[in-house]
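These are the structures in question, set out in turn.
Two complexes are shown next, each including chain A; its partner changes from chain B in the first to chain C in the second.
Presenting the complex of A and B:
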C-alpha cells in the first residue's frame, strides 16, 4: 500500500505540471495583446498601458515569462489581481470556504438521496420505484443546472418567499441566515449529481446482485435483507465510494456556474467574473486552485479504492 | 479516473440481446421523435411563418403569454417564441459542429494512438491533462482567452470532449489489434492502413456513435452555460443560453422569458440522452442501464 501511495503521489507531480502549463499557454493564446482586451474601449494613456504590461511581464519573451511564472505559481503566488487590490492567493483563500460549503453540502444531499434510491431501484428492477428513479435521473441530467437554479429561486424565493433569492451572509450573522442562502444553490447543484449517482449505484448493485456469492448466500437460505446489506452492498460500496469522489470533483466544476446564478462570492463566481473581465492572474489562480482540489480528491479516491481492493495495488 | 463502472458481467445471450432491443426501441423512438420535432420546427417554421427574432417593438414589451403572443414578449417587445425557434438554430448548430469536429479529430487521433506507441504517449499525455480540469472551467478559460464567439464555443467543446472519444477509439483498436480476424487479414497480406480503416476502425463505430450522442447533448448544455456567463455567441444572437441570461433581470416581473428556453434545452438534451441510452443498449447489451457520458 505504501509503495502504491508513493507511486500515485509521484504521478501526481507531472499532472500538476502539465495542468499549469496548459493554463499558462491558454491564457496567453489571446490574439493581440491581452492588454487591449483588458482595457476594451476605454481611453487609457500610454504610461498606464506600459505599467500593466510591465506588471504582467508581457514585455519579455514568452519562454522567459514561463520560466519566471512556473516556479512562482508552484509556491501559490499568482501575483496581484487586476481588479481587487490584493494578491490572487488571498482573494482565493477568502472565497474558497463558500465553494467548499456549497459543494460539500450538495455532496451530502446527493449521497443521502442518490445511493438509497439507486439500491432500491436495483432491488426492485422494473418496479415503480425503479421507474421513478429512472425518470428522475434522466430528467436531472438533462436540466441545465443554472436554469434549474433560477426556477427554484422563482418558486421558493419569489413566490413562496421561504428563503432569500440570492446573496451570501457569513455564519457570524446566525446559522439560519447563512444556511437559508445556501439551500437553493445546494439543491440546484445536487439534482444533476443525484441523477448520475442513482444510475451508477443502480448498475453497480445489479452487477453485484448477479454475482455467484450472492446466489450462494440466497441458496444458504439467508434472509433477503441480510443478503443485500451484508453481502451485496458491502461489495458494491467499494465502487460507490469512488462515485462519491467523482461527484465531489464534479460539484466543484458545477459550482462555478451555480455561484454565478445565486451571487455567492465563492471561487466559481471569482473565476467567471475574472474570465469576463479578463483578469488573467485571478483567472489562472482560480482555475488552478479549483483543479488542484479536484485532483487531490481524485487521488484520495484512488487510494481509497486501492485500500478496499488489493488487486489494484499490484496491477 | 477510477474504473467505477467499467467492468461488467457477461450474460450476453440471444435473450438479453432481444431484451435490449425491446428496451432500446421505445427510447430511440421517443427520443428520436422529440428531437426530430425540435429540428424540423426550427428549420421549417421560419419558412412558413414570418419570424422576426430581432424585431424591437417597445410598445409590446414584457407581455405575458396570450393568444397573440404565444410565449409572451421580452424586454424589447421581441417575440419569445420567434427567438426560441431561431435560438434552436444557434444552439443546435454549435453543438452539431462541435460533435462533428470531435468525431473527426477523435477518430483520427484515437486511431493514431491505438496504432503507434510514440503517438500514443504524446496524445495520451495531452488528453489526460485536458481531463484534469473539473467541469467546464477549461472552456471558460479558452473563451476568456479567445473571446466570446460561436466558433470559439465550438472549439472549447471540442477540446473538452475529444479526449473521451480518443480513449474509446484507442481502446477498441487495442482490443481488436490482435484478434483472429485481424491476424488472418494480415496473413493474407493486407496493409497496415487498410487493416486499420477497413477491419479495425468499424468495430469502434458503435461505441463512438453512442458517445457522440451523449456528447451532442452535453455540448448543448455547455453552450447554454457559456452563453449564460456571457462567454457564448454575443447578443443579440438569441441562443437559448443568451435568452436565459438576458431574462435574469426580469425573473420577478416576466418569468416566462426565462422558462421557455430552459424547457427547450431540457427537452432537447433529454431526447438526445434517450437516443444515447437506446443506442448503447443496442450496441452493447452488457452495458444496459449504465451511465452515459
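Presenting the complex of A and C:
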C-alpha cells in the first residue's frame, strides 16, 4: 500500500510537468498582454510600453521565459501578481479557503442527500422515492447553475429574506454572517452534483443488489439493513467514491460561475479576473493550484478503493 | 467636468439612465440648476453598504482614470478644487485662486488648519509634492505640460507658474474627479514614485480609508477631526457632512446580484443598475430608483491613420448613415434613459450646442452612398470591434451594422475579451472602429481625443485646426468666448468626423428608501455620499 502510494505520488511529476507546460503555453498564446491591461485607458507612448514590457521580462523569447519560469514555479514560486502587489501564493491562499469552503460544503450536502436517495431509489425501484430521485437528478443536471443561483437568490433572499443574497463576509464578521452567505451558493452548486450521485448510486446499487453474494446474505437471514449497508453499499462504494472525487473536481471548476453569481471572491473568481487582466503569474498559479488539488483528490479516491474493497490489491 | 472613457469598458451590465434632474433640480438654458431639498434633522451614525460593479484596479487615484476610484476615493481625498453641482470647478482645499501675468501665474491660498488623516496639518509643501507627483503619474497630469515651477512662499500659499497663459480651465483640470489632482502628505507623495503604488492612503476628506480587501470590499470610516468648509454643501465641494460612521463598498460584479442584494436589504445603495430595472424598482415602496447624469455620449471611434476609416469620405458616409434615434432604441430598454442630441458636450453642460449639426443629416442613406462612391469603396469589410461580455457594445454594433448595410457598407462585428479589445484598439493594423462612451462638460476636456494620443498615437485623430482651437481655449477665461470656441471645435468634429455621435444615455442608481440624500448627490456623476444619512 505504501509502495503504491509512493508510486502514485511519483506519477505526479510528469503530470505536473505537462500541466505546467500547458498552462504556460496557453496563457501566452491568447491574444492581448498584461501591459495593455496594466496601462488601461491611459495614453502611453510606445517607449513607455517597451519599458514596461522589458520590466516584466516579456520582451524575451518565449522559450527563454519558459526556461527561467519552470525551475522557479516547481518550487511553488509563481512570483509577484501583476495587479495585487503581493506574491501569487499569498493571493491564492487568501482566496482558496472561500472556494474550498464552498466546494467542500457542497460535497457534504451532495453526499448526505445523494447517497441515501440513490440507495432508497434502488431499494424501491418504481416507487415514489425512485420517481422523486429520478426527477430530482434529471432536474439537477438539466438546470444551469447560474440560473438556479439567481432563482434561489430571488426566492430565499429577496422574497423570504431568510438568508443574504450574495457577498462574502470573513469569519471576523461573525460565524453566522460567514455561513449565511454560503448557504445559497452551496445549494446552487450541490443540486447538479446530487443528481449525478443519485444516478450513480442507484444504478450501482441495483447492479450489486442483483449479485449472488447479496442473495446469499439474505438467505443467511441477515437483516436487510445489514445486507444493504455492510455488503451491498460497501462494494458499490468503489464506483460511488469515483464519482464523488469527480464531483469535487467538477465543483472546483463549477465554482467559477457560482462565485461570480454570488459575488464570492474565491479562487474561481480570481482566475477569471486574472485571465481578463492577463495577469500571467496569478493565472498560472491559480490554475496550477486547482490542478494540484485535482491530483490529490484522484489519489485519495484511488486509496479509498482499498478501504472500501479489501479484495483490491495494488500491484 | 468630466470625461469618463471607462464607462463602456468596465461596466458589466451596460449603461443605463436618462435625464439627470429629479424633483430637486431643473434644467435652465442647458445648465443644471440644483436646489437642496428641505431635509429633516440628519441622523448621525450607522454603516452604509454600497454595491459597486467592479473592483478597484489600484488605490492610487492620482495614477488612473479607472473606475470605481472616484466613487470610493472621492470621500477620502480632496484637491485644491473640486466639482460643484453645476460640474464647474469650486474651491475645496483652496481658500482662493487668483491668476496674474495674463494667466501665466496662478496663486492659491490654502484653508488654514486642515488636517490629514494621520493628524498632520496641511501645508503648501504637501500641495507642491502632490502636484509634482500627479503631473508625473497622472493620465491627466500632462495638462500641466506648460508648468515651469511650483513655489511655496509660505505654509499656506502655492504659486504655479506657466510658460503659456493658462485659463480657468486649470481649476477644472485639477478638480476633475476622473483623475483628480488629490493632495496627500508630502512624505507619501515623494516616497510613492511608482504609478499605481502608494505607500499609504492618507487624505484630508471626511472619511478615512480603513482597508481594501481585494475584490471584496473597501471600508471607510468617518474622520472625526475633519475640517469642513463653512460654505453651503455643493456636490463634491462646499461643506461636507459625514453623517455615517462607516461606508463599506462591496464589490458585486453581477448586476442581477446587486439588485437582489438591494431588494433583500444587504445593500443600501447600488451603482450601475440596468435601466430595465427602473420601473420595477420604482414600484417598490421601500426602494428609490435615481436617474444619474450627466448624459453619457456614446460614440464611434475610428482608426484615423491606417485602413479604410483613415479616408474622410468613408467616415462621412458612416456619419450620414447612422440614425441615433434607432441606436437609442437598442442602447436602452427604457426609453427614458436615452436622448439624441447633436452636441459633443453633455446636455447638462453650459457648452451644449447644435453647432455643426447642419453639416449632415442623420440616417441619410443616399448621402452615405454618395460618400462611399466618392471614396471608391469596393465592399471591403470594415470591422467594428466589441468586448464579448459588454452587452451594450454588442447591441450597438448590431444596430450600426444593420444601418451600414442599407448604404452598402460591409461592416463586420468582431468580438474580443477585454484585454484583447484594449490591445487592438491601439493597433493600427487591427483597428477600424470601436464604440465607447463618456461625458464632457468643457471643450478643453476633449483634448486627449483630438491631439492624436488617444487611444494611441498610431491611430488617434489630430489636426492643426483643432490644436489651434485647444490652445486658445486653454488661455481663454471669458465664458462667452470659450463657448464660441467650443462651437468651433464641434464644427471641426463634424467636418472631419473625428468620431460619430451615437446619442446619449443616462445611468441608474438605486437605494433604500431609508437612505436620505438631502442634496440629491446620487443623481449626479460619480457617487458622492456627503450629507447622506440613514433615516432609522
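Throughout what follows, the second predicted complex is superposed on the first by the 282 of 315 C-alpha atoms of A that agree within 3 Å, B and C clash if a C-alpha of one lies under 4 Å from a C-alpha of the other, contacts with A are read in each partner's own complex, and residues count from 1 in each chain.
Here, a contact is a pair of C-beta atoms (placed from the backbone, for glycine too) under 8 Å apart; a residue touches a chain by one contact, two chains touch by 3 or more.
In this text the structure is predicted, and so the values were computed from the model without any measurement.
> Is A:167 touching the first partner chain B, the second partner chain C, both, or neither of them?
second
> A:151 contacts which: chain B (first), chain C (second), both, neither?
first
> Does chain B (first) or chain C (second) touch A:142, or do both, or does neither?
First partner only.
> Scan A:291 for contacts with chain B and chain C and give back first, second, both or neither.
first
> If we overlay the two complexes on their shared chain A, which of chain B and chain C does A:276 touch? Say first, second, both or neither.
Touch partners of A:276: chain B and chain C.
> After superposition on the shared chain, which partner residues are touched by A:260: those of chain B (first), chain C (second), both, or neither?
both
> Where does A:83 make contact in the superposed view: on chain B (first), on chain C (second), on both, or on neither?
Touch partner of A:83: chain C, not chain B.
> When both complexes are superposed, which of chain B and chain C contacts more residues belonging to chain A?
B
> Could you tell me if A:91 is touching chain B, chain C, both of them or neither one (first, second, both, neither)?
second
> Which positions of chain A sit in both the chain B and the chain C interface?
30-31, 37, 150, 153-154, 158, 260, 275-276, 278
> Which of the residues in chain A end up touching chain C in this complex?
Going by the criterion above, the answer is residues 30-34, 36-37, 40-43, 45-46, 83-85, 91, 94, 150, 153-154, 157-158, 161, 164-168, 170, 260-263, 265, 269-270, 273, 275-278.
> Can you check the complex and tell me which residues of chain A touch chain B?
15, 18-19, 22-23, 26-31, 37, 138-139, 141-144, 146-148, 150-151, 153-154, 158, 196, 199-200, 202-204, 206-207, 210-211, 239, 242-243, 245-246, 249-250, 252-254, 256-257, 260, 271-272, 274-276, 278, 283, 287, 290-291, 294-295, 298, 301-302, 305
> Note which residues of chain B are touching chain A in the complex, please.
1-2, 4-5, 7-9, 11, 125, 128-130, 132-138, 140-147, 217, 221, 224-225, 228-231, 244, 248, 251-252, 255, 258-259, 261-262, 265-267, 269-270, 273-274, 277, 289-292
> Quick check: in the complex, which residue numbers of chain C touch chain A?
Those residues of chain C that touch chain A are 5-6, 9, 55, 57, 64-66, 139, 142, 197, 213-216, 250-254, 256-257, 260-261, 263-266, 416-420, 422-424, 426, 448, 453-458.
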